[in-house]
Structures are given as C-alpha cells and as structure tokens.
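Some structures to go through are shown next.
There are two complexes below, and they share subunit A, which is joined by subunit B in the first and by subunit C in the second.
Showing the complex of A and B:
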C-alpha cells in the first residue's frame, strides 16, 4: 500500500512534466525552443514515471527492464535532439 | 571484453535466465559484440567507474533542466530569450557527441552539432550563464577517458585504465 502511494505521487508528478513539455511545444515560438521543452521536460517526466512504476515491479528483472527503457530513451533523446537541432539550423541558414 | 559483459548483461535483463533465453543469447551476444566492434572500432578507452561518477550530477542537472523549462512553458509571460553560443570543445568526436547529448538535457542548452572543433549550442535564455557549465561538463568528460588532451595538463584521478575491449 505505501508503494502504491509512492507510485501515484511519482507518476502524477511525471505527468505534470509531460504536460509541461506539451505546453512548451504549443507555446514556444520555433523548432529549437520547442526542442528544449520536449527533450528536457519529457526526460524528467519519463524518469519520474519509471521510478514510480518500479515500485510496482514484481521482481528485479522488471526493474532492470524499466531502467533499460529509461537509459535508452535518454540516449535516444539526447542524440535525436542534436540531430533535429542541426537540421533546423541548416534550414534556417538556407532560408535566410 | 567490457562490451561482451555489458551486452550479455543487457540480454539477461531482457530475456531472463531461462535455458532457452541463454541459448539464444549465446548466439546473439557475440553477433552484437562483433557489430559493436565493427561500427565503433576501439575508440578512446573509457573508464566505466568514472562514467558512473558522472551520473549523480547529470541526473540532478537534468532534473533542474526539466523544472526550468517546465516553469518557462507554464509562465504566462513566456520568459525566454533564445540565442546561439559557440563553445570551443577539444574533446574527440565521440566525446563531443556525448557532451552534446548531455547538454541537450541540462538546463537551458541544446547542442546542434559542431563546426570544426566548436560546438554550436542553442540557449533558451541568453541571461543564463551556460558557458561555465559547459566547460565544467567538458572537464568531467575528459576525466572519463584515458586519452590525453593536447597540451593542457590535467592531474586526473588515479589511473585504473585497462583499455576499452
């Protein structure tokens, strides 16, 4: 039961960050600023979600899988953010 | 060798330690290691212990980054002042990509590739002092490699290098 409460709090906080990331996508003015919102806020959201879910995991293997998901999403986010940023920059250059 | 252990560990987490899973792993882990060695042929030696040492600060920073950007996204006044800065980075290519990935999750910065040895960084708020943070992070990344940086002398932590394979 205490584990359920921890899960609720952490996952709830995670959702706030996903919501913030989405708000950023809608409110920020261009591709690059939107990328800031998306990568950073969603990364924290996912971290909180994963930590919250880990408290529900039936065994250590499931925790390991959750951590793997988090680590891979983190690496993917850091890498794709750079790639999108670079292509946005190149498009800006050619349109000027 | 390190790669074999790492990939085998990932396989175990994925598939569990059942007999069938182990048989399949016995076939595919070596294939994955071969692929890894081919795609990233022994780059710079990396000290795993030092990499693990980076984690706490990186996680703390990325949480701050998330809170920072969430605050700005929710604020009715939308307090952002985006701009570009260029930071000279002496890290080898792989290290520069790692630094860029880190920066993209840390407060206020987003890497967009590099020109020559200068990293292009988009900043969300030009009033934030990010240059110092970037330099600090670069310094920490240097300490995870056994590579010598050109010229500058680094004391560095005690050596426990053993090559990357």
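Showing the complex of A and C:
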C-alpha cells in the first residue's frame, strides 16, 4: 500500500510540472523563453512520472526500460532544444 | 489503482490541448515545432501511464515515441536551413560553398524564407 501512495504523489508532482510546461508555452512572450520553459518543465515532469511508475513496475527489466526512456527523453530534449533555438535565431536574423 | 493512472492520463491530455492552442497561434514556425515537441513528451507520459494502467509491454511504445519526437525536431531544423543540410556552421544567408540554393531548394513557399 505505501508504494501506491508514493506512486500517486510522484505522478501528481510530475503532472504539476507538465501543466507548468504547458502554461509556460502559452503565457511566455518570446520564442526562446517558451522553448526554455517547455524543455525543462516537461523533462522534470517526465522524470517524476517515471520514478513514480518505477514503484509499480512488475520486474527489474521494466524499471530498466523506464530509466532508459527517461535518459532518451533527456538527451533528445537537450539537443533538439538547442537546434530549434539556433534555427529560430537564424530565422530572426535573416528576416530583419 | 489503474483508475488513478487513467485519470492522470486524461489530465495529461488536457495539457496537450494547451499545446494545440500554441500550434494554432504560434507566430514563428519554431513555436509550432515546440508545441509538437510538447505533444511528443506528453505523449510519452500518456503512454507510460496507460502502460501502468493496463499492459507493461507498452513501455517499448513510449521508447519509440520518445525517439521519433527527437527526429521530428531534427527534420524541422533541416527543413529550415538554407540548403536543407541543417549544417550548423553554414552562414544563414549564403549556403555552404559549392551548393547553389536554387537548384536543391526543398519545396518551400517563397515567403517561408
């Protein structure tokens, strides 16, 4: 029973960060600030979600897969955020 | 317990709806791409919650979705670059030496430049 409580608390916190990322992507004034908010908040949300679900995983292989998914998401978000930011900056430079 | 996971999954879908608003309104193409990234990450979260609710084999689906979301952003960056190569060192206006933009220009509307 305690594992369920821990899972619910962690998944709830992860959800809060997902909503923070969405609020950031809607409310922020500039492209780069939105990109910043999105990349960070979503990955923290996903990390909390995954740690919460790790308590429910039936075997260690699933826990390993969960950690693999999170590592993949972190690396992918880090690099793609840089690439999209550079592309957005280049578009702003050439359009002025 | 799985009812909780399904409730969390629906709440996560609501947060993706926020991304759709950004797609509709986003001034620059980078904003729309960012919302697509949010849908990617949120989609991974939804699939993970559904895996916890029903069948743990769906973890592989979440892994593939995380991978494809990354490729979507890379494809966007390559499409935005002048000669389609997405070469980080290239000069934003003039393409890499020896490649003529008019010949290998990917099919884009003229005002998208």
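Everything below uses one rule, namely that the second predicted complex is superposed on the first by the 96 of 96 C-alpha atoms of A that agree within 3 Å, B and C clash if a C-alpha of one lies under 4 Å from a C-alpha of the other, contacts with A are read in each partner's own complex, and residues count from 1 in each chain.
We adopt the following convention: a residue touches a chain if its C-beta (ideal position, glycine included) is under 8 Å from a C-beta of that chain, and two chains touch if they have at least 3 such contacts.
What you are looking at is a predicted structure, and each value in this text was computed from that prediction instead of being measured.
By the touch criterion defined above, A:28 reaches subunit B but does not reach subunit C.
Of the two partner chains, subunit B and subunit C are each touched by A:43. Once the two complexes are overlaid on the shared chain, A:91 sits against subunit C while remaining clear of subunit B. Measured by the number of subunit A residues touched, the leading partner among subunit B and subunit C is C.
Judged by the touch definition given at the top, the superposed model places A:10 against neither subunit B nor subunit C. Once the two complexes are laid over each other on the shared chain, residue contacts for A:65 go to subunit B and to subunit C alike. In the superposition on chain A, the residues of subunit A contacted by subunit B and by subunit C overlap at 21, 23, 35, 39, 43, 45, 65, 68, 77, 79, 81, 85-86, 88.
For subunit B in complex with subunit A, the touching residues are 10, 13-14, 16, 59, 62-63, 65-70, 72-74, 78, 80, 82, 97, 100-102, 104-108, 110-113, 120, 122, 124.
Considering their complex, residues 16-17, 20-21, 23-24, 27-30, 32-33, 35-37, 39-41, 43-45, 47, 61, 64-65, 68, 74-75, 77-79, 81-82, 85-86, 88-89 of subunit A touch subunit B.
Touching subunit A in their complex are the following residues of subunit C: 1, 4-5, 8, 11-12, 15-16, 18-19, 21-22, 27-31, 33-35, 37-38, 41-42, 44-45, 48-49, 51-52, 56, 59-60, 62-63, 66-67, 69-70, 73-74, 76-77, 80-81, 86, 88, 92-93, 113. Against subunit C, the residues of subunit A that register as touching in their complex are 4, 8, 11-12, 14-15, 18-19, 21-23, 25-26, 31, 34-35, 38-39, 42-43, 45-46, 49-50, 53, 56-58, 62, 65-66, 68-69, 72-73, 76-77, 79-81, 83-88, 90-94.
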